[in-house]
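Submitted below is the structure of interest, expressed as structure tokens.
All chains are identified by letter, namely A, B, C and D, in their written order; residue positions are counted from 1 within each chain.
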Amino acid sequence: MKKFINQVDQVLVESLSGFANAHHDLVTLHVDPTYLTRREKAVNKVAIVSGGGSGHEPLHAGYIGYGMLDAACPGQVFTSPTPDQILEAAEAVHTDQGVLFIVKNYAGDVMNFEMAAEMLPFQHATVLTSDDCAVVNSTYTTGRRGVAGTVIVEKCVGSLAETGADLAACKALGDKVNQQTSSIGVALTSCTVPAAGRATFDIADIELEMGVGIHGEPGRRREQMREADAIVHDCIQAILADFATKGLTHRQDVLLLINGFGATPLMELYLLYHSAAKLLAAHGVRIERSLVGNYTTALDMAGASITVCLLDDEIKQHWDSPVHTAALRWGR
Amino acid sequence: MNTAFILNACLHIHAAIVAHEADIESLDRAIGDGDHYINMKRGSEVAAGMYNTLLPLPADEALNKIGMKLLSTIGGASGPLFASFFMSMAKTAQQNGANTPLKIAAAFAAGVQAIMQRGKASVGEKTMLDVLVPVSTTFTTLAAQGKSSQEIATALKQTADIGLESTRNLIATKGRAAGLGERAIGHLDAGAKSCQVMIHAVCDLMLKEADA
Amino acid sequence: MKKFINQVDQVLVESLSGFANAHHDLVTLHVDPTYLTRREKAVNKVAIVSGGGSGHEPLHAGYIGYGMLDAACPGQVFTSPTPDQILEAAEAVHTDQGVLFIVKNYAGDVMNFEMAAEMLPFQHATVLTSDDCAVVNSTYTTGRRGVAGTVIVEKCVGSLAETGADLAACKALGDKVNQQTSSIGVALTSCTVPAAGRATFDIADIELEMGVGIHGEPGRRREQMREADAIVHDCIQAILADFATKGLTHRQDVLLLINGFGATPLMELYLLYHSAAKLLAAHGVRIERSLVGNYTTALDMAGASITVCLLDDEIKQHWDSPVHTAALRWGR
Amino acid sequence: MNTAFILNACLHIHAAIVAHEADIESLDRAIGDGDHYINMKRGSEVAAGMYNTLLPLPADEALNKIGMKLLSTIGGASGPLFASFFMSMAKTAQQNGANTPLKIAAAFAAGVQAIMQRGKASVGEKTMLDVLVPVSTTFTTLAAQGKSSQEIATALKQTADIGLESTRNLIATKGRAAGLGERAIGHLDAGAKSCQVMIHAVCDLMLKEADA
């Protein structure tokens, strides 16, 4: 393991301190328990709170600010936060319009947010994100994982909340965006959890992991490494098949997000964008919005995910609206 | 069941978890996200560290405090599950006094039941429940039959081993390995492994105390 | 080599196409020769043109847009662009206020821009960036390298140009920012040039390269890998010594830029920020502005650079002013 | 010097560069940025590809066209340098006709001179000039002495070898290796290596033609 760290058990607190300092105009870091809030508490709006294991930076703390989150609860690396963090974060940002939790669908995240929610003395709701189409849903599983599409959910819900919409409306939009979003990831290398000190999985130079999760969890299958167009082809097929299964048509306006997992350079991400855009166009998809970069990472994993979100006027409007966070900023 | 035993058990659990670092870690790395050992270590360490503070308390309060502490310490899937176990066990212990093997078995069963509820899971899903549920059944059965604590401890260790082994050929339907389909086959579940380790640790303690 | 590519000789054109498509609202890609311009040509201002070898994304094309560059000329990977690219880019964006070239100080870049400039039929000037304090200047060398500080130069000069300032003023500001900026980089792994297909340098698991360049050129020395605080300590020492050599005081307001080289996750970059901020504060430096992320990369190299820019009111104003590019955006 | 020879030389240069891929690349990887082989391959390939187009042209025009093409093809440090070489050589060839060894040597010298000017460099700075400058001197000297083209070719190859070798113990003061200080010592310069390779290729062609 070769990382810029001091001691493994200090990585999180030092990194969060650095983040909070670098963006002190935007966020405040609270400790014992650990959570981050907007520097200026918003008033009279639904409070949007997210969180999850660390290691996915800029998710979620990088999305705190006007037009997106009110608070974020970072857990240990790849480990969901604990209920006390979530509870205090919710209490800190709650006004009187209720709290909406945006939670990636993992057993740990779901249970910890659930336990916090059960203790909350005020109105709340939860949007579970589950955009990863690599994991096939079935009645036997706890369902699909939430991955990079979470950013789109957070952006849109955050925008709607800013307009003063109520909790039910915010939840409804979040659920809709999640439903209309499909992602799949590919790993070329493993990530290394600092405390573990070694790669989560072994992967040969001639292999890739198709459908990998953002914690380095195995995906659909181990495959032969091949050229970008062929990889992207399979990803796009999976995504379009997913929309078809959901009864959604893809012959329409979409947002295309090419997300790097942490160690893949922009040059390659834009090449993937090129490849995906070509293929989508051939399928009658119209790319109306795009985002390319490291938005939901897996520590130092080399690899990327492709996310397609089906747009309608409402989603478009909330995607385009001003946002001012550490990692996503436009319009102000 | 007295507080000293519980706290002693926590010390032994912590030592056992640390001793099995390699096993536990490699299992969660294979079909999970690689943090289960770290989570278990963090949790067992903090429970062990409560020894002096909790020693003066009644058993049910100690159990409850451990549960609450785990809840705010572990995180992940195992955090709320083990926390629920302890808090629920505490509740039953408070009600029934936990002063006979059968009552202790009932408290243990309540803890396992809480895990099932919180995780919306049962046996056969390739989780810690594949160890805990059969262990609970054996515990209640043998306690009801009035078996000695040596007999019970020995049997629980065996049951835990079998439960752990049963996860090997399962497809996971809960936790991170869910969705892996057949790729999960051949691997033991990490949470089941740490439960087996912990049950061994506690049973070995029971055997040692019975010896003395 | 494990990369998302099709054929090595198509990497650049496919990646640039992806970039231009993803940001078609901002930039236009021209081919034969290759350069990128703002989608809407600016009028009545000094045209700011930069360029250099590819592989440093988002530098430079990611900085095209309001408040920054008018055009960028990407060369082959790690190879400066050719005079024809530069010439046509300059002609495309020139209004009648002249062209300012921002060139990183490498023999290749300098010579190619020089040859283009010699052929230009109108007013022009060049700012050479040379913020890398790893390479000690001497009368015998062609001087220090331009690295991540180039982004600060481009931001400030771009802002000033937007106000209608003349060519001399833009050049003067660029030279000043460059003079007041000092950087040093550390590599933990090598980068791999796609066409070369293998790592540029070998580095052991227990080593780091102190003072590495953004092309994986060797730096000051090969050292033992050690904890982040110790690494950052040496970097900050080098930077402060550099200011001292230049007769500049560092006990003042600065901008702190922690730049990732491509494969280092944000979590580590923020940890470095934390470490650098602590040390700088202990030296009486006041961090007034900050930037953390992948802004001047070296393909897939793991590592980071630290840049300190001494601020004055003029630089602060131009740093803060609105900018709207693919990689840097605020205020609009 | 006729156009056919120049274009033939370009073909041989291209083949020689490709044949020395490993050497050239590893040198720029060691103390540069690893792209010199790719740059040389791209440049020599494009020059070789101009064969049919340039064949009908006079030598000086062919040289100039090659230079201009290299200028827009290679990039990096070597691009403008080699381009300047060809364009400057073309200019002198146009003026002096380049129809005797001495006049060719003068054209070659003008090319080398252009590299020195463009690169603001001279010998001893660990660059291609450590090969090109002594080669130019030898060329002019032997041509002035009326030596045969075999003698000249053989001598130039030797001079190139010595020049290349002289870069080994130099500290670089130009190019990417400048600033490396003593770390550059022990490594040959990549640009010097490709010049040595090219000079060998051209001289071998001279020897072959003289043989025939």
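One rule holds in what follows: a contact is a pair of C-beta atoms (placed from the backbone, for glycine too) under 8 Å apart; a residue touches a chain by one contact, two chains touch by 3 or more.
Note that this is a predicted model, so its numbers are computed, not measured.
Trainee: Common contacts of chain B and chain D?
Mentor: none
Trainee: So how far apart, in whole Å, are chain A and chain C when each is placed at the average of its C-alpha atoms?
Mentor: About 29 Å, centre to centre.
Trainee: Need the CA-centroid distance for the pair chain B / chain C, whole Å please.
Mentor: Measuring from centre to centre gives 55 Å for this pair.
Trainee: Indicate the whole-number Å distance between the mean C-alpha point of chain A and the mean C-alpha point of chain B.
Mentor: From the centre of chain A to the centre of chain B is 32 Å.
Trainee: Of all the residues in chain D, which ones touch at least 2 other chains?
Mentor: Residue numbers touching two or more other chains: none in chain D.
Trainee: Residue numbers in chain A touching 2 or more other chains?
Mentor: Where chain A is concerned, no single residue meets two or more other chains.
Trainee: Think of each chain as a node with edges to the chains it touches; is that a line, ring, star, complete or other?
Mentor: Graph shape, chains as nodes and touching pairs as edges: a line.
Trainee: Could you please write down every pair of chains that are in touch?
Mentor: All chain pairs meeting the touch criterion are A-B, A-C, C-D.
Trainee: Along chain D, where are the residues that touch chain C in the complex?
Mentor: Within the complex, chain D touches chain C at residues 25, 29-35, 37-39, 42, 71-81, 83, 118-120, 172-181, 183.
Trainee: How about chain A: which of its residues touch chain C in the complex?
Mentor: Against chain C, the touching part of chain A is residues 2-7, 11, 14-19, 21-23, 54-55, 57-58, 62, 188-189, 205, 225, 227-229, 231, 256, 258, 262-275, 277, 287, 290, 292, 294, 297, 299-300, 302, 304, 329-332.
Trainee: Under the definition above, what is the set of chain C residues touching chain D in their complex?
Mentor: On the chain C side, the touching residues are 33, 53, 75-85, 106-108, 111-112, 114-115, 134-136, 140-142, 144-145, 193, 195-196, 200-201, 213, 215-218, 221.
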